[in-house]
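These notes are about the structure you will find just below.
Note that the chains are named A, B, C and D in the order they appear, and that numbering of residues resets to 1 at the start of each chain.
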């Protein structure tokens, strides 16, 4: 079955006309967004790609074909229900095998972004080290979170500057990043801590880590949801950059423009 | 057939067997039927029912499914609807949920339901499956669910059992709703000892569809196939009817049946996507969700709403528990199941979609022209009934009711106690109180972002969802109820609940269009409770007519009563409004320095039933007066202000009065204001305490940019609506400064407001 | 340090969505030998010193009240283990 | 039906927030005999028919790949049980 056949009547269907760069070079960049049966923020990730000016391509977990996409986003949700461990079952999806193969192999390898559940999937698939356990307070937590972009050289953060702060919604129950000390030291030493919580650690994550990358910087995973801070009026109430007011925060857009710019060179 | 199935076959009670053994009395009482009801079933069938038939009638004629006590009153919702009110109504009361036209070919469906008792028994699963059930109602209309809300009521905040319920229920709503990818955009959290053994867990869902996508629950077209899909059927929800475990009704053989239902949100999420794909491919003719009364309900309703006949082979049902008897299969309330009617040509397309989503399905039978619902068990007929007698011609009771004798005494006992000398301390006490404190501890456990269309959510007055990404067309929804007002006067209480929800929607800037309600009451067998119920329905129907908003559907929950103590009558009213463009929605907090703060409406001394009286342990007198013509004008002004960009913030006044509104507006974005009460007190001849704490209706506070003040005042004058400038937004001063009375730093106010729930629930 | 193990399983008649999800995933990774899966919880309570009768009784109490939800779960084992691995 | 039990526990060096919460709650209900608590998972894989070597091998594989995440968890037991209760 092809991924186009799983189209459903969507309220949040992406409207290409809202793209900021409808005919520019960025729109040539094809960013795939993987849908698992329990994916929830897949349409939101596609909307974010479109708003950033790229072309969003829907990918189906059960397919074997990456459809020549230039980058892949594994969105948030509960891929297969995630009753066992977040991301544990998705790792074995046919499409994940393709992604794992394409993402390994240096800086020219396929850029992959895992958001929330997607980050969990990437750790389960061993594309990124560490893992996530339950939040230290054991609750699901949804809130606007302040982060610092620690590494602005990855494929997904080039549009930020190192040290820049952003406000991005966070929403999860199993968001506490853990890894052994050696791994943590390695991540710090190699500059692979990409995002760090500032002000308050929302879940007990080691060393306030919110997002990390692989060595080459093409694979990035983060717990907060940049795709929910891309459109004024529907994002967080604040921004680290300007005074925005009601749901005006768009600090997450840079994640998506970063990969598009990187890919057009 | 397996040996087990064989054995069961010899045990089943077929129609032929029933006809041959007329003298055998079935255990109708254990199944909750009265003797009269049982005789009536015999009369309808012209013989004794089979075990399976008895199972069907008993669940379909239960209070929950048949509305037998409430029906005679609920008719008013239909009778009092005018043609003008019907203008936007695509589907009215009677279907799974009402459908409202919001323009541009878009429609919205919404409904509120209760899951009270299950949530008391098992808070997490009870609340979770409550969300699951209301969402399936929405799907079965052909809509994509886009949001949920959760009006909740608990016992006293410091009662030892309250923490168990709060933790479980909040986690259950979040656990299910968050996993479905539905933003939670609002609700209520109320604490009152009357709900101690009977917490109220209501859940509202909103769905969106194109006009042409509306699906109804009917089975038409002879030869069309009937299919059950989704989760397998287990023994859920038949605990009380375990007498059915042996069809020979030998009660010495107890069987294990689950005491509670466990939800599988992942299964439901897949069901949503898979149903939407079915709709898009146009491969289902009719569809029905399975909730209360399971297959009994789905088959009899589909059949009686359609051509009237259906033939089903029950052994085809996929079981989770192979020991279930036919009667139990018919009654089972296992979650995450749907039933559909499919033409023979579409069978293959249907199966392809099921396979793609890995959803299990089983073809049960077909639509017939016989007018009978015939259910077989391996070739033996075990049910042969006119489906209308099951689904629609259940018993209807005109239960006796009378006004409680105690009410006069209660109404005479007006609040005349303390009027707090220290207003600053009073505001802090109010804003830290269980009902007025910040609900962030609850709402932070819900995803309000998913789907990317949430334009307003907690803590604003209404939840606002964008429907059309091109035009910004969208809807606003608010739910409200005040059990104390309803206790003091159920007729007025219902009108007040509607007025508040209506006002909340208008405050956000949306035009109110339609209503859904969930009526939570004690036992209908108590004539005083029945009177409260009758008065509530009358009040709500009258008020809907006056405001011109129709009830499109809802739910009745009775027997919320432990021992002799019933909950306060609690009519939870949900109002849905529409926005041409959600970009113009009005937030509930001010932000711009120097903007003028205006109060709309006048204030009288109305403290009976108020939050302040509640804090003083007093409940008596009469609820605030309500004039719906005034309410309507206020709403028109608020919508107009939003449309013409005349205001930057608005908050309605309800529980806690002006004190609560000003505090919440200041805390929303952490911006202070300077407020003066003198002119207000003088104009309305009240003291400062009354100005701050009275709960007079039809009022709102707005923040008006300097440049708009003239236009704003002209508009209020033109509509002859009183408004008064009571202050100014002050970004310099991080405080709520009520001049001449107190200066309350926002940090201190916030600490009081936000500390309460975390302190009790960690 | 001696430990008391408490095993808690979903009641057999209760739906176990977690077990169901795992049972669905196993064949996808080529493991087809299993008819069904149920997922429960295992608690290890460490005891400072000796496991007295009284502490074992406490463990039973904890199992019945805090560690399991009797509406949907059964306590299937409460047992002392002395060695390091069970 | 024979079952294979798989026990999975959080690695000792990994903080276990659930176990910690339980350890904190026990004294509140008067159960003071425990030094610490860890919460893990217990899986019961049912087998249709006999548990062959090959099926047991499958269970080990499931335990190592799907049922546990070696970064944070240890498989502490894979064992056949025949009786009804463990």
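Following the convention adopted for this analysis, a contact is a pair of C-beta atoms (placed from the backbone, for glycine too) under 8 Å apart; a residue touches a chain by one contact, two chains touch by 3 or more.
The UniProt protein names, listed by chain, are A = Phosphoribosylformylglycinamidine synthase subunit PurQ; B = Phosphoribosylformylglycinamidine synthase subunit PurL; C, D = Phosphoribosylformylglycinamidine synthase subunit PurS.
Please read these numbers as outputs of a predicted model, since none were measured by experiment.
**Student:** Which chain pair shares more contacting C-beta pairs: B-C, or A-C?
**Tutor:** B-C
**Student:** Averaging only over C-alpha atoms, locate the centres of chain A and chain B and give their separation in whole Å.
**Tutor:** 35
**Student:** Go ahead and note the Å separation of the Cα centroids belonging to chain B and chain D.
**Tutor:** Those two chain centres are 40 Å apart.
**Student:** Which residues does chain C have that touch at least 2 chains other than itself?
**Tutor:** Answer for chain C, listing residues that touch two or more other chains: 17, 21-22, 24-25, 29, 39.
**Student:** Give me the residues of chain B that touch two or more other chains.
**Tutor:** Residue numbers touching two or more other chains: 264-267, 358.
**Student:** For chain A, write out the residues touching at least two other chains, lowest number first.
**Tutor:** Correct list: 80-81, 83-84, 89, 92.
**Student:** Among all the chains shown, which pairs meet the touch rule set out at the top?
**Tutor:** A-B, A-C, A-D, B-C, C-D
**Student:** If you look only at chain B, which of its residues touch chain C in the complex?
**Tutor:** Residues of chain B touching chain C: 121-122, 125, 231, 234-236, 256-267, 320-321, 334-335, 358.
**Student:** Given the complex with chain D, which residues does chain A contribute to the contact?
**Tutor:** 84-85, 88-89, 92, 123-124, 129-131, 133-138, 176, 178-180, 204
**Student:** Any idea which chain A residues touch chain C in the complex?
**Tutor:** That would be residues 80-81, 83-84, 89, 92 of chain A.
**Student:** Would you mind writing out the residues of chain B in touch with chain A in their complex?
**Tutor:** Its residues touching chain A are 144, 146, 171, 174-175, 178-181, 208, 210, 213, 264-267, 269-270, 273, 276-277, 279-280, 356-358, 443-456, 466-467, 469-470, 582-583, 587, 591, 669.
**Student:** Quick one: which bits of chain D touch chain C in the complex? Just the residue numbers, please.
**Tutor:** Residue list for chain D touching chain C: 1, 4, 7-9, 19, 22, 25-26, 29, 31-48, 52, 54-55, 58-59, 61-62, 65-67, 76-77, 85-86.
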